[in-house]
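Letters A, B and C name the chains as they come in the text, with residue numbers starting at 1 for each one.
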Amino acid sequence: MTTLSELEAPQRTPVSDAAPDQVVLAVRGVHIHDHVSDREIVHGISFELTPGKAVGIVGESGSGKTLTCRAALGILPEHFAVSGGSIDIVGHDIAELSPAQWTELRGSTISAVFQDPASYLNPSIRVGAQIAEVIRVKTGATRRQARHRALELLAAVQLRNPALVYAQFTYELSGGMLQRVLIAAAIAADPTVVIADEATTALDVTVQAEILDLLADLQERTGLALLVVSHDLAVVAQLCDEVLVMREGQVVEQGTTAEVLHHPQHEYTRMLIAEHEQYGLERYLHSELSAEVGLNRAG
Amino acid sequence: MVRRVFALRTGKLAVGILVFIAMLAILGPILAPHDPLGSTATTLAGPSGKHWLGTDYLGRDVFSRLLAGSRASVVGSVEVALVALVVGVIPGLLSVYLGRVFEWVSLRLADTLIALPFLVFAVAVTALLGNGITQAMFVVGVLVSPLFFRVSRAATLSVARSQYVELALISGASVGWIVRRHAWVKVLPAIAVALAQTMGVGFIIVSSLTFLGIGVQPPAPTWGGLLASDLNYLHFQPYAPVAPAVVIMATVWGCNLLADAIRDVSGENGRALVNSRKARSNRLAAQPLLVESSR
Amino acid sequence: MVTTAAYAPSFVSSRRAITVIRARRAVGRTLITIARSIAIFVPVFLLATFVTFTLRAVSGLSPARIQLGEEATPAAVHRIESTWGLNRPFLAQYWTWFDNVLHGNLGRSWSSGVPVSQLIGDGLTVSLSVVTLSLVIGVVFGFGFGTLAALRRTTWIDRSITAVLTVFSVMPPFVVGIVLVEVFAVGLRWFPSGGFVPFGAGAAPWLSHLLLPALALSFDTVAIVARQLRAGLIGAYQENYVTGALVRGLGPRRIFFRHVLRNGAGPALTVLGLQFPALIGGSVVTEWIFGLQGFGRFANDAAQAGDVPSVQGVLVVSIVLVVTFNLIVNVVLGKVTPAAQRGV
């Protein structure tokens, strides 16, 4: 953890391009339409992200939470479109962004990590080189500087042997390690907003807890704004200040984490909480873990 | 699936071409206006009312030779496809289920056949084993069979390794039942595509062999043979190769189109095609509504 | 900066570690690719040579017929067959022949008595020049067309390229050959209609004699490579790693060249490997059209003359060529898409 803060402190200047109270991601009444089935999938969702804040979206699969993320990143699947409302990234309405402006914005202002991290990295290029590539493109660093910085990032996401991981391919790494690599790639160009879409879902519980710690730590140290999407209330509760509960494209509950957890208004939210109480909401979070578990498995 | 192929414009066109060529093969020799072997004094004549495509260097009617030659080429390519189908598909299906030894042997055999340049091999075998288009095509059929082997094996593997088949196995279904119930559905379109492709390949090989004069006795007309004899008289009849070249290309095109049409309507591609059409029509239908509501 | 400096020594050593790890792995992977290809090659070679050798026994051809004609006395036939060692047991003959093949000795031609390896060697220079040039044409135009069609998907550019490729793919080499002779040799008189000039006689005449046959051979390759590349690129564009690269803020050009092309080119390279036997086969026809005394022409002539040792030599050499080319393709594939080459 100390490595991270020491590392990030001199280089990051999050406040300069986004004041602490400035809204870095604003989603206002967004509707998303599917042109294949000719149905509306998301019926209006609104929230705001400021630096250092974390917003979580909870819901079952098909509730529209992933589509909302993708809309904010400008990567909606074919035949899907935002049909109402607006999305602003650091004051830019995304509907008016040109492809070149999108390229400019992604990576350096908004970035994302996803479920199934292996598939989001190029299988034919060493993972370290992919991180270095982002640094070179986004910051104009030299080859040598980029490699150095990539190694630092791999160390910052608590990978045990950065030099070894740097030279490996995706198929040589475990899921937890890949998710760390993906996070390193996502924060390589110092974005203001990071979207974590089911980033811990496919990982087993021990690794999941480590990744959540890592995200929380990053957020705390660097003033990152986080949008966390998960079907798991526990994940969102651990990281987020504000929670949205979605069901069938509708936001059924929205409020601070404490409010939603302790005074749920909607029946669906109550059911989610009840399930967690029944199976033990905090069961995994208190277990003592060592970082070796994930590493040994991969080696 | 057949109905869906016909629903595509390319599917209709492909079937149309192939039916036309098949009719040529069946009726061609009867329809020929002149004796395809009968030479006359008017050599290398241009097209006329009497000789629609002119005459060749021996004064034989080119149109009649074209019609009469269709049968050898078509029968040859069908034979190639059928031989390849039988020789390739059965071991392809079995290689997934019959254990490691059979799998290894059949894979090596397929590798071997692929490594043989089949035209060279066909030339060698046909010339050495005596002239006969049937033997030649049998050999070619065996040589191109790895395509069927690979296609049917890949499709069967994808089925066999899939979880719903595992489930069926666990719940006590027999291998035979699984092949019939699950494998065929996936394997059949793939095989149909390969069959159409192989017909095209077979057609090119038959034409190449007959072009070289291998597999048929000289006076007998073939499409490849027509082209070969034209080559020597290009200075006198520069248009002569057009007709046989066009029929050869049209046939191969028909086969390729059919393969593409089957591929387009089956599996994932089929769904993507249907989706994009539906989305387009939905969007078009939605457009006027949007305009109205905005006013 | 102070903190960064504190890390420097460990990263310097780790950079060296990366280089070492990377080099060791690259060599290892290439060796594994070669070993795997050889493991496949050995049974293929044994089987193919055996089939080739049985050709003589099955065909019933004999050098006596070629040398003495049809009316030879049985005694004379017997004498000639025994000088060729044809009266020995079949497997013993195969073993001797196979042993010779391994030592580069392909026997002597029945019709001329000249060593087959020498005859093939003469023709191979011509054929390999043609085949290599047609491969270059096929790769350059195939990649060009395929890439353009994939990037301009569903536009008129894509449709017209697809249309041209369709025409290319249905034109057998002999049809292309005739068209080329007709237009460029007989009609426009730009190029000679046949023959071969060694490279020593000057690059321009050498190339002008090679260009038409190489073009005739290349049409099929262009069509196949372009189609596979188009499909491969379109497929690669739908992969998650493209989304990943997009989200990391990489530009479209970089995403194409570094990420999509690399993974999407795999299938195109694979079919290029499979295309090589077809090129060698096609050379039989094109060399016939363009009057080239090459490998394919030699194969055709030997087969039609019933010269079994020559035919066997031709087959052995073509198998070796095919396998060597596939080995090269596999090594390249292993470098370009390491993940896709693991087992599967």
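Following the convention adopted for this analysis, a contact is a pair of C-beta atoms (placed from the backbone, for glycine too) under 8 Å apart; a residue touches a chain by one contact, two chains touch by 3 or more.
Keep in mind that this is a model prediction, so the values were computed, not measured.
Novice: Relative to subunit B, which chain's C-alpha centre is the most remote?
Specialist: A
Novice: Name the chain with the Cα centroid closest to the overall protein Cα centroid.
Specialist: Of all chains shown, the one whose C-alpha centroid lies nearest the global centroid is C.
Novice: In whole angstrom, what separates the CA-based centres of subunit A and subunit C?
Specialist: Centre separation, subunit A to subunit C: 48 Å.
Novice: With centres defined as the mean C-alpha position, give me the subunit A-subunit B separation in Å.
Specialist: One centre to the other, that is 51 Å.
Novice: Could you grab the centroid distance between subunit B and subunit C? Build each centroid from C-alpha atoms only and quote it in angstrom.
Specialist: Result: the chain centres lie 23 Å from each other.
Novice: For subunit C, which residues count as touching subunit B in their complex?
Specialist: 40, 43-44, 47-48, 55-56, 58-59, 61, 166-167, 169-175, 178-179, 181-182, 186-187, 274, 276-278, 280-282, 284-285, 288-289, 296, 299-300, 303-304, 306, 308, 311, 314-315, 318-319, 322-323, 326
Novice: With touch defined as at the start, can you tell me which subunit B residues reach subunit C in the complex?
Specialist: 108-109, 111-112, 114-130, 200, 204, 207-208, 211-212, 214, 224, 227-228, 230-231, 234-235, 238, 241, 245, 248-250, 252-253, 256
Novice: Under the touch definition given earlier, write down the residues of subunit A that touch subunit C in their complex.
Specialist: The contact residues of subunit A facing subunit C are 6-7, 9-10, 73, 75, 99, 103-108, 111-112, 114, 116, 119-126, 128, 133-134, 137-138, 147-148, 151-152, 155, 162-164, 166-167, 169-171, 182, 185-186, 188-189.
Novice: Okay, in this complex, where on subunit C does subunit A touch?
Specialist: 1, 3-4, 7, 11, 14-15, 17-18, 21-22, 25, 239-241, 243-252, 254, 258-259, 262-263, 336-340, 342
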